[in-house]
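The structures considered in this document are given below.
Presented sequentially are two complexes of chain A, the first with chain B as partner and the second with chain C.
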Partner chain A sequence: MKPLMLQGHERSITKILFNREGDLLFSASKDPKPNVWYSINGERLGTYDGHSGAVWSIDIKWDSSLFITGSADQTMRIWDVETGSSLANLEMKTSVRGVNFSYSGTMIAYTTDKMMGHNSELSIVDVREPNNVDATPIMKTQVTPSNAKALSVLWGPLDEYVVTGHEDGCIIKWDMRTGKKMEVGQEHTKQIKDMQLSHDGMMLITASKDSTARLWDLATLEPLKVYKTDRPVNSAAVSPLVDTYPHVVLGGGQEAMDVTTTSSRIGKFDARFFHLVFEDEFARVKGHFGPINSISFHPNGRGYASGGEDGYVRVHVFDDAYYQFKFDF
Partner chain B sequence: MAKKNKPKTLDNEDDGGAEEEEPDFSDPEDFVEEITEEELLGDLLRQKPKETDGVESVIIVDGVPSVGAERLEKLKNVVRKIFKEYGTLLNEFYPMNEEGKTKGYIFLEFKDRAAAEEAVRQRNNYKLDKQHTFLCNLFTDFDKYENIPDEFVAPTPQPYKDLGNMSFYLLDENCFDQFSIICDGGTTTAIYLNSVPEAVEIAKRERWTETYVRWSPRGTYLATFHGKGIALWGGEEFHQVQKYSHLGVQFIDFSPCEKYIVTFSQHVDQRSEEPQSIIIWDVRSGQKKRAFNAEKPPVWPVFKWSNDDKYFARIGEDMLSVYETPSFGLLDKKSIKVMGIKDFSWSPTDNILAYWIAEDKDVPAKVSLVSIPSREEIRTKNLFNVADCKMHWQKCGDYLCVKVARYAKAKREKNEVKYSGIYYNFEIFHMREKGIPVDSLEIKESIQAFAWEPVNNKFGIISGEPPSVNVTFFQVNKGQAPSELKKLEKRPCNNLFWSPQGQFVVLAGLRNMSGALEFIDTKDFQVMMSTEHFMATDIEWDPTGRYVASCVSWWGHKVDNAYWLWSFQGKILKRQNVEKLCQLLWRPRPPALITSQDIKDIKKNMKKYAANFEVQDKMRYSKASREIIEKRQKQMSTFTEYRKKMNDMFEEDKENRLRLRDGQDTDTLTSNENDFEEETVEFLVKKDTVIVDE
Partner chain C sequence: MSVDDVVKSSWADEVEEVEGGNLPPTVEKSDGNSKTITEYSLNEDGKKVKVTSHYRIEKHRVARTIAERKTWRKYGLSKNDKPGPNPATTITAEDVFMHFLSNKEEEQNEQEDIKKKLIDSQKGQVKCRLCKEDHWTKQCPYKDKLEPLRSSLLGEEKAEEEPPQPGGGPPVDKSKIGGGTQGKYVPPSMRDGGSKKGESMMSARGRDETATVRVTNLSENTREQDLQDLFRPFGDISRIFLAKDKNTGQSKGFAFINFKRREDAAKAIQVLNGYGYDHLILSVEWAK
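And now, the complex of A and B:
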């Protein structure tokens, strides 16, 4: 089916995200205004105005009441999803790179950049009172200099630990209470661009600049699978229908700065579908004319959305052929 | 050996064992060094000062008049006068006998070796007067000749080294071919067997070569390049067969029968007076056969070999020097004088040389064929208005095509000649016909590429200016002018590659033409496949003409380095991405020994063989797919097990999850009925414009 083309950003998309039910699609870009859309028809509901820099990361609370954004303007904001009003504005010393709600939605984990003499930090704040947030983190740990800069951050399933993805390709699991390292996964050779959990929070998929995506067991950080491409992978997602359609989708492509010097045909900006178990690629969807920066399955597993360097968000619904295709085994 | 074991007690006397015992770096008593010093630091040893270094500028002059002390000064003056033009005399010594007279020989020391050598060369046999003739020798020569034993001692034969079966690669029962690849930007070299359905790695080594590799023309050896020289590898395990020490070697060339190898280096050691630029080696023994100097920069290969390794030749100023093996001397002790010679080449099958001579004022340009060793001119052809000539031999030696670039106008500017209105002529020599008739073919367009069908009598040319480029195929017939077979217009190509067995040809638009490929059967000029390997830089046919490899080399293009394998019909068989792939080379095969009658019979019974091969291939493929299926089944069962465990864990945690989300079950999209609210969403179904009548 023809995809919906969501055109509302002035600059390249940094992150897209469905809410839990999948009726809303949130998008953030290097322009300061994140958008929210109806995922079914691509109608824009509104924007969240207030930032003055690129928005690197967004997250939505499980009950779709709160929306958080981490920005290069060195703030993290908490928004009322429905009204678009800013409930809290937390000022940091450096850019906010990754933000993530815990399972319960009562805590936010965020990472900050290493800049101007400040270390990259992983912090957790309590947001039980979204109108009156205490900006002092309830837990804070220095990521640098003992580790490389942290980029993305994810909560484990039961609010017990967080996982961070780093600039040197490692992923680290931290005990939320003590801020101590629990596990390190060192498989990727280059920067982690994105991390996503499977719908049940049992598996983690990481996308890396080293042209691969990897699947991990979240509890042990044991590597399970690797999906190889020939271009940097910016984002990867596991299908929510993992037990019937064990698929993963990868988005990426030649980096924007390299594309201009070569022919656009070699950029390979396709969304690539892999069999989760066999690690074999079985489908490609083209459309973007820049690398895909963020990709996500619809929570019902019947479609996906991708946001690209070209500034577009494309929302796809799978054809029947997708469900009919089977690997021989 | 210089290494000595120090007595251990010596340095242990007064430290009282306070410090920790130092590790012992000395070799054990019975240690035998495996690496000789020559191997370890051969290049340094060669620079080691020799005893003769100080005396090499000394010469001995015999036949000097024997004089008493009263006339000594006068004699010295005479001698100085004679020798002074070769350099300052640092020292002179006139030995005296008991009677106070000079002994009749003297020692002179010059400032350096060169001066001493020149003095010897010029003043040996110098007639001073009727009774006295100077006999001059280098002082070092005495040493040299003194050490030569009077009796001839036959050199002991080298023990025979069994290299194993060097033709092992030809014994593959399925006749799969091998190819070498260099990847990782040059650090890794690997050899693969192009087996069906997947290529099998035979050998893979890190830093096997420092630059690139070459196969010998019959495929017996793999040559690797190193700063210190060339190494040859072969046999079943690719062990080192031979090495040739040539500092800074850049190019190599094998003789067609693999008997000799020619190496070239720009590196010149000033201390040695021997030529070192080009060295010819015996491949089997590793012996240096002869060395030559090269003009700079040389056009490689400097030496061209006759097909049977008997002769090799190089071009000089107005002459052609033909050398013979195994003596490595000039054929008939002199070069062939050819005024204005520009280029030459050997017939690939006969001992015939072709060369061409440029125009000189009123004398036309000329192409000549000369038989070697008789030096008999068997055919010449005069040509007019010639700007340049290129010679192309058909691989079977049946035809020679001389591509002549001719001009309409020539303008002389200072020392340069500028040509305009260039057009092209093909002069085709029919080597196998009596009197070697020559056909001419004129092409008005500029020629991009020319290639003979390796067997048979067809050739193809690519002509015109890009992007509108035409490909034309011609056939050469006995006693007739070449006939045009087919013209393919406007093709995106800049190279054409014939199958080694003829008939099939690949047209390729390499590099800036973005890798368009066309597979053509020249029997009926059907385009079997029109396809693309984006940004391909190289096309390599396998030696049997069954497969074609297209590559994107890291040397030419920095991303998507890969080799793709095609069948000769253009069916894609494999797309293999290789990190920083640099070079892919098929291992050549020696010429087939089967007779043409046998080949005919095989072709006649092709159906019978083909059925057999198809069964074999089918078995291989089904085995491979069976292996894949088995692997997948295993992966799937492991994964299903893992998921089961995870799902159980997920269920166990249900209570905790409910607690964290205020008792709401959010595990599946439909697990919480209260979540659903009715919502009205508008869709744009269609746009319609209706013009309303007024």
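And now, the complex of A and C:
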């Protein structure tokens, strides 16, 4: 397959995200300008100007009209996707680590960092009127000191609860109305780097620094599967084609810099594909020059995109070999 | 000398024409579903550069919302971008292929079985000169440690001893590794219980294989590949050791060839002893 290499960032990529329909690809990096691209041909639609620090996380509303970014400059901004203008700028006490639109797009959950005497918090704001966002959250809980700081956040499928991933490897489900902990999943031993939902919202996959990715049932937070690798996993995603191609892709790698004299045209860091059920690795795709920081399947399951420490976003479309591959069991 | 004529007779003509400093105009050819844009520009060294870009025009039927989004005006850093991908930001990377690892486990198991079989079959053949045990001499003083372990950790230990086998690397490195695995560097004179007179001339590594021949009177620019070509017709070779001068890499004049079968070795001796190779007459005999 001939991937598209998108070169719009000057620093390493922190997060990439497809919109629901799959035609737009958003990329955020440690430089303050997130980019948006057309995923079909890699054409850049635009960049969002306004942040002054690394953009840690992004999310897009289901209708692709609003785009939110959480940044290390202690603000969370809401943007209009069509024009690229900033609609709202919410200031926090510490850097914003995780942002997520609720399924209905009416609320945003975000987590802030534990810094300078402030605790890590999980808050929810109402954004039914994006031009006029009330900065006071409708729900706020202190994550620390009773738990490790929360880094990523995801809404449950019916907007009833929120799941957060923490620095010590546990994931916690919070009731949205009361702000109380509902369930805790403690299986990972090191920091959770990324959490993604499966396409149907029934399963959650977490990628952790402890070199594994785990699949959980979202309703009960019961651990279902473990995907083991030999290097820290920075991001993991579940293929939308769960029936025909039940695959999971993992991206990671923080090996010592022994990437020496291999061909310098394509990098050595690879995305690894595992079978969802059998937990067996069946394919690798090389290409990145640095560890992969974020990886995501295209919503139609026919391709995937990955963003790496090298600052490049690579968009791949699977060729026949992928579809014809039969996993022997 | 029409400048618009894209089909040129030779690049030499083209270069001559543009010496004046004016660049040919951009040529855009589109036919049906592909577009070829040929742009001329000056690169950093002031040299004329011709950039040919091929675009494929595809038509997709998409949902209305997606089509609407495609018509949006660009903003931010892309505000001044022309329609279509901007080559500064979008590049088609090299072809990458999915590297499938099917049946990895089975393959590994098979390999291990084969190794085990090899090792077991070789058990009797390998004999250390000093302790008559089942290993190569050069590592003997330290091999005792492995002996008691062997009974308990059969498979793993055999795998460790595997490297000395058909590897075909210079023996110097191997013995150092052998010594190294025990944790200490052993100088060449101290290896094998110290019975050698420096790097041995008489025997390559203390290998007690009956299918080994020694060939002497080789010319100094003989290489392993030459020996391979010379001895291969007689049968399978398990390894070739060519004594080389470390600094110059030239052959010291002798080599040891380990055949897999003794009869092949016998044949090689018969045929090649007295054979003229390069400018010297080879002497091929059993390695004592």
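Worth pointing out:
Everything that follows uses one rule, which is that the second predicted complex is superposed on the first by the 314 of 329 C-alpha atoms of A that agree within 3 Å, B and C clash if a C-alpha of one lies under 4 Å from a C-alpha of the other, contacts with A are read in each partner's own complex, and residues count from 1 in each chain.
Everything that follows uses one rule, which is that contacts are C-beta pairs under 8 Å (C-beta built on N, C-alpha and C of every residue); 3 or more make two chains touch, one makes a residue touch a chain.
The structure presented is a predicted model; accordingly, all values stated were derived computationally and were not measured.
In the three-chain model built by superposing on chain A, chain B clashes with chain C. Set against each other, chain B and chain C touch different numbers of residues in chain A, with C touching more.
In the superposition on chain A, no contact is made by A:Pro137 with either chain B or chain C.
In the superposed pair of complexes, A:Phe282 makes contact with chain C only, with no contact to chain B. By the touch criterion defined above, A:Gly303 reaches neither chain B nor chain C.
Look at A:Gly251: by the touch rule set out above, it reaches neither chain B nor chain C.
Residue contacts after overlaying the shared chain place A:Val242 against chain B, while chain C stays out of touching range. With both structures placed on the common chain, the touch criterion links A:Phe327 to chain B and to chain C. Once the two complexes are laid over each other on the shared chain, residue contacts for A:Phe273 go to chain C alone; chain B is not touched. Using the contact criterion defined above for the overlaid structures, shared-chain residue A:Gly169 touches neither chain B nor chain C, since it reaches no partner. After overlaying the two complexes on the shared chain, residue contacts for A:Gly105 are found with chain B alone; chain C is out of touch. Once both structures are laid onto chain A, the chain C stretch out of 9-17, 99-107 or 153-161 that overlaps chain B is 153-161.
Counting contacts as defined above, chain A residues 21, 23, 38, 40-41, 43, 63, 265-266, 327-328 meet chain B in one complex and chain C in the other.
For chain B in complex with chain A, the residues that touch the partner chain are 514, 534-535, 559-560, 577, 629, 632-633, 635-636, 639, 642-643, 646-647, 649-650, 653, 656-657, 660-661, 664, 666-667, 669, 675, 679, 681-684.
If you check the complex, the residues on chain C that touch chain A are 60, 62-63, 65-66, 69-70, 72-79, 81, 84-86, 88-105.
Across the complex, chain C is touched by residues 1-8, 21, 23-24, 33, 35, 37-38, 40-49, 63-64, 82-85, 265-266, 270, 273, 280-287, 314, 316, 318-319, 321-322, 325, 327-328 of chain A. Of all residues in chain A, those touching chain B in their complex are 20-23, 38, 40-41, 43, 62-63, 103-105, 157-159, 200, 202-203, 217, 224, 230, 242-243, 246, 254, 262-263, 265-266, 276-278, 299-300, 327-329.
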